[in-house]
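As written, the chain order gives the labels A, B, C and D, with residue 1 at the start of each chain.
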Amino acid sequence: MFFASDNAGPALPGVMQRVTEANAGYAMPYGADEIMEEVRTALRAVFEAPEAAVYLVATGTAANALALACYAQPWQTVFCSEVAHVQEDECNAPEFYSGGAKLSLVPGGDKMTPETLRARIAVEETRRVHGPQRGPVSITQVTERGRIYTLEELHGLTGVAREFGLPVHLDGARFANALVALDCTPAEMTWKAGVDVVSFGGTKNGCLGVEAVIFFDPAKAWEFELRRKRGAHLFSKHRYLSAQMAGYLENGAWLDAARTANANCARLAQGLGKKGAEFLHPPQANMIFTRFPRGIHQRLHDAGARYYIWEGTLEGADPDEMLTARLVCDWSISTQQIDLFLSHFDK
Amino acid sequence: MFFASDNAGPALPGVMQRVTEANAGYAMPYGADEIMEEVRTALRAVFEAPEAAVYLVATGTAANALALACYAQPWQTVFCSEVAHVQEDECNAPEFYSGGAKLSLVPGGDKMTPETLRARIAVEETRRVHGPQRGPVSITQVTERGRIYTLEELHGLTGVAREFGLPVHLDGARFANALVALDCTPAEMTWKAGVDVVSFGGTKNGCLGVEAVIFFDPAKAWEFELRRKRGAHLFSKHRYLSAQMAGYLENGAWLDAARTANANCARLAQGLGKKGAEFLHPPQANMIFTRFPRGIHQRLHDAGARYYIWEGTLEGADPDEMLTARLVCDWSISTQQIDLFLSHFDK
Amino acid sequence: MFFASDNAGPALPGVMQRVTEANAGYAMPYGADEIMEEVRTALRAVFEAPEAAVYLVATGTAANALALACYAQPWQTVFCSEVAHVQEDECNAPEFYSGGAKLSLVPGGDKMTPETLRARIAVEETRRVHGPQRGPVSITQVTERGRIYTLEELHGLTGVAREFGLPVHLDGARFANALVALDCTPAEMTWKAGVDVVSFGGTKNGCLGVEAVIFFDPAKAWEFELRRKRGAHLFSKHRYLSAQMAGYLENGAWLDAARTANANCARLAQGLGKKGAEFLHPPQANMIFTRFPRGIHQRLHDAGARYYIWEGTLEGADPDEMLTARLVCDWSISTQQIDLFLSHFDK
Amino acid sequence: MFFASDNAGPALPGVMQRVTEANAGYAMPYGADEIMEEVRTALRAVFEAPEAAVYLVATGTAANALALACYAQPWQTVFCSEVAHVQEDECNAPEFYSGGAKLSLVPGGDKMTPETLRARIAVEETRRVHGPQRGPVSITQVTERGRIYTLEELHGLTGVAREFGLPVHLDGARFANALVALDCTPAEMTWKAGVDVVSFGGTKNGCLGVEAVIFFDPAKAWEFELRRKRGAHLFSKHRYLSAQMAGYLENGAWLDAARTANANCARLAQGLGKKGAEFLHPPQANMIFTRFPRGIHQRLHDAGARYYIWEGTLEGADPDEMLTARLVCDWSISTQQIDLFLSHFDK
């Protein structure tokens, strides 16, 4: 009953198989391996972007920080939601990699709107040389609260960025979960929607540790390569990154895994709803925030369920007090585990 | 016939097996996995350092840059050889991670001596606030030219560092190759010799991509953890790093691999010597620099041998011109491949 | 009729005289000049802090950024108001000097309260290594909206900082204006109120360009000296900075200048009140934000008055629309100029 | 008898007069003052560069570090002599301002030659993404050892830079001293010789603290303005910088001051030569390195002479041991002081 995060489950069998198969003989280092050639071709096809510059790194923070650094000058500010991963969960990595850029937080929780974004952008750069200069817009899809921007919403945000001439980054740590929920193409969710660079997550959806960074305009390619090396994120035995991504993409394994994770989450949410649990937002992808009484949390905890209590603390006298849980499903959670989890509501 | 580097061969079977075994069920992320507990215990035992702070990262540059950054203030300078990996092969990663520290190069090729090191240190910090301040000493063992510092030589260098109150970092990307050549204990080659922090390489000697950073004084532990996260080098699915290192250490696999690599290299060097090749330095570990005529280089190249020509170019009219090759043996090179390589000298 | 800022008026006669007098013969460079010795003694006496480390730089941004950098690690976040000068008007200098620290904005305009500050601090560092770590609190006195923290309010804020073990910086670009308004001692407004380091402004209150940075605990002294030099803020002909500060402190010139500026502002505000202008806040120091109709703004502008229109634009059809002006008085504004300014309300 | 540096003498009377005159009424801040307009026009005329972007900062280190940062990416390396001010005397300011670029030292003392420069450049960037990338060339004129590059020598160096497509920075802290010695035009010593950006020193040659940074191609103008502000080097009461530079340029005061300083130095050198002192290099500008016995050093020291002993220490038993002095003459040293200095050789 592990719902703490989608970064704690195992890798997909097909991913691990490719890694194992890659472990034979010699391979050119530093991204010159043949599997990377396969990956590059595959990702360009997936994104319908034959000119795209495609790179692999091992962590989502590396993907985000390196991608943003290619677009954010040190005297600029990055626009993102107030709970964005780049703001809350990267220990100042964007500031580090950009050489000291700022993050300007768009108020309103996990989702920006054209209005809130425009208002925040408008504030900056009204003081000429004195204030931070406007920099890239970073959008998280799936958001940190489990919600998904529709294509229309994405177009709305990138349209505002375009008004101000600002580049757009998409933090797609859960790219696949959003994609299958929207039932659109990768191109539609990225460059056709005005995105310039995407962090295409693999780790949370069934890899060991690999993320792609995809620039739809390859003009930043060489700069990225230098930044990646300088940031110590260029792997010598790069084939093991390539193999993960190859296995992830092969036969749509990445889409299947995301569909499974989303379906797991829907089943969990449906069950919780029946038990009377409340939701912060309607379930959209593979992560929900849900409220139910402390007494049930305690039973679940004692039974070995693992997840974050987002608001409130397990310790407390009142068994009826409502505590908010964050529950995340990865591809590997079984329906039995979900049903077992739900069964504790009835005891 | 792949002698280009020890970063292009496969991982040890035992390493891959542990990675595969790790791929089951859930594991706590970010270094809280149980395998990391095993690794921590094992490395502390290997180094006879029960208090040591032990961390894993995925690249050698990350290990070096993060370790040095914990000891080098931005206004300081790091002392290293003029061909140190941190100087030549990390695209300014030490400068990046330290926030702008300088590197002061000790002249004399790949090995520093107490005299050359002392002379270089003495130059700095003679201008009070105006010049760079003295920072850590970084020693590469095995050196970038394939040589090994004896324990006496290490003590000589760390003694100079101690004279000036400077901390000592050991870049041990080829730690195991040096260790088995010296036939000493890890403790003797590190903290007993005055080393404060070591980059303990795994990647080149049979892992997929993992290096340990070991602080013998744990005072820097929390700072390292923050720097690692900020540098985007903290893995969520950390178990796959842990599993590599666990497999690497298990049953002395790491020592066996290094002995094999060194023996491969010795066999290669002995054969080359018989063929009349010259050596930049006598073979000591698993890397040699050797000179022989262009004509033979061409035959080898045509036969599929892969290695760097260190001085000179393969293109050229004179088949008798001497070109210098860098030849590196990893654990996986077969004696047949070595003998095949040597056979091309006779044709 | 120049009310645009207190950074556009001339220097005090006594300040300029000391600069002129300093221009004779040789003086030791880089802060070893005799006048600096006098300044150090004087500032220690003014602050009743015989152990304080005292330094001079030429700009307020340098004072703030260097002071904060001594207390803010790159992985930390600085707490300040959402309109703090360090946030809005320094083009990311704090991020630059700290090596990439973040600024966490306390909502509520120009003044923080213990409650808003505590709430903002509480949010950070709840994610262990993943989020930014808590760093120093920076308080601006006089605030960017012309208000003053009472001693009680200062104690309230520093008390919260102490709860969390955080150091406190005071941005005193208008230190003197606040001090004379509070009618307290410099010690009471700084270290006795829990402040660790202060940017003691000179430029806006009658110097050419000089600010002191005063550390009440000298432990950071040498680090500051290295950061100042590395930041290119160590003057070779330092005597000209020293002379300014000497003249500024001599015979209480700095207090007289601030009293004059505050009185100028009070006279202006009183006159404006009589004319029906509205105020964002009651006048407290030497800066007010006041609303009156566009028609009057236009008359003032045509007559040569210079100030920032804070909200709204001078261009516009409706002469009755209310626009907000920021009006700042320095020591040198004459009562005639103020009265002339006011006279334009009647035409 | 102050020969320690040209940063310890007074400002030129004409410079101080302009500063004093500037101290009246209001002036637009941050470089929008009218005197800056005058300075911009004057410097463009002096350099025959009507398009040049012209800025003022207060320290030579700021001029160098900001100018270089506009041309050196963080993953690049700056080429300079092994004793360059940017290397030895700026406490890592170039590394700080560039965000972590490296400095590659060209061996051979204070002067680079086309051959030594080309050899050093050739070494870098032979490792593709792994090593530092080639960045700007920085030339110091007058060198740190008091020597001057002829125009032919300058063309030689910039020609090598052009071969590799690298920009050229001239550190002209003693620009005027070189110019009058070469008897050429400022244009000939800069852009006509292939220089892209120059740090045009004022401080050492008779200002209080002001240096101009001049970009002959204004494409970097806005970036410089942002870097200057972010570096806290944008003065609010900018008129006092402008006034210094205006007085410095007026009526050729800067050239007269340099001629005087050089003549002072020549007189000193001639006198020393007659006394049997030896010289590191023949005197060329306003700084010499000269060897004479400790006994004379001691007499001079006791008589109040102030200068750096470059090699050796004043303390020592042997009065005949030769110690090397660095002697610098500024514009204000009197011939009497020089003769008094020389008289101590005879006692």
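In the analysis below, contacts are C-beta pairs under 8 Å (C-beta built on N, C-alpha and C of every residue); 3 or more make two chains touch, one makes a residue touch a chain.
The shown structure was predicted, so the numbers you read here are calculated from the model rather than taken from an experiment.
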item: Selected pair, greater C-beta contact count between B-C and C-D; value: C-D
item: Most remote chain, CA-based centroid, reference being chain C; value: B
item: Rounded Å distance, chain A centre to chain C centre (Cα mean); value: 42
item: Chain C-chain D separation of Cα centroids, rounded to whole Å; value: 34
item: Centre-of-Cα separation between chain C and chain B, whole angstrom; value: 51
item: Residue numbers of chain D (touch at least two other chains); value: 74-75, 90-92, 96, 99-100, 129-130, 133, 226, 229-230, 234
item: Chain D contact footprint on chain A (complex, rising order); value: 30, 73-75, 99-100, 129-130, 133, 225-227, 229-230, 234
item: Complex contact set, residues of chain A against chain C; value: 74-77, 88-92, 95-96, 98-103, 105, 127, 129-133
item: Chain A partner contacts - residues on chain B that touch it in the complex; value: 2, 5, 7-11, 16, 19-20, 23-29, 57-62, 65-66, 90-93, 96-97, 203-204, 208-209, 226, 229-237, 240, 306
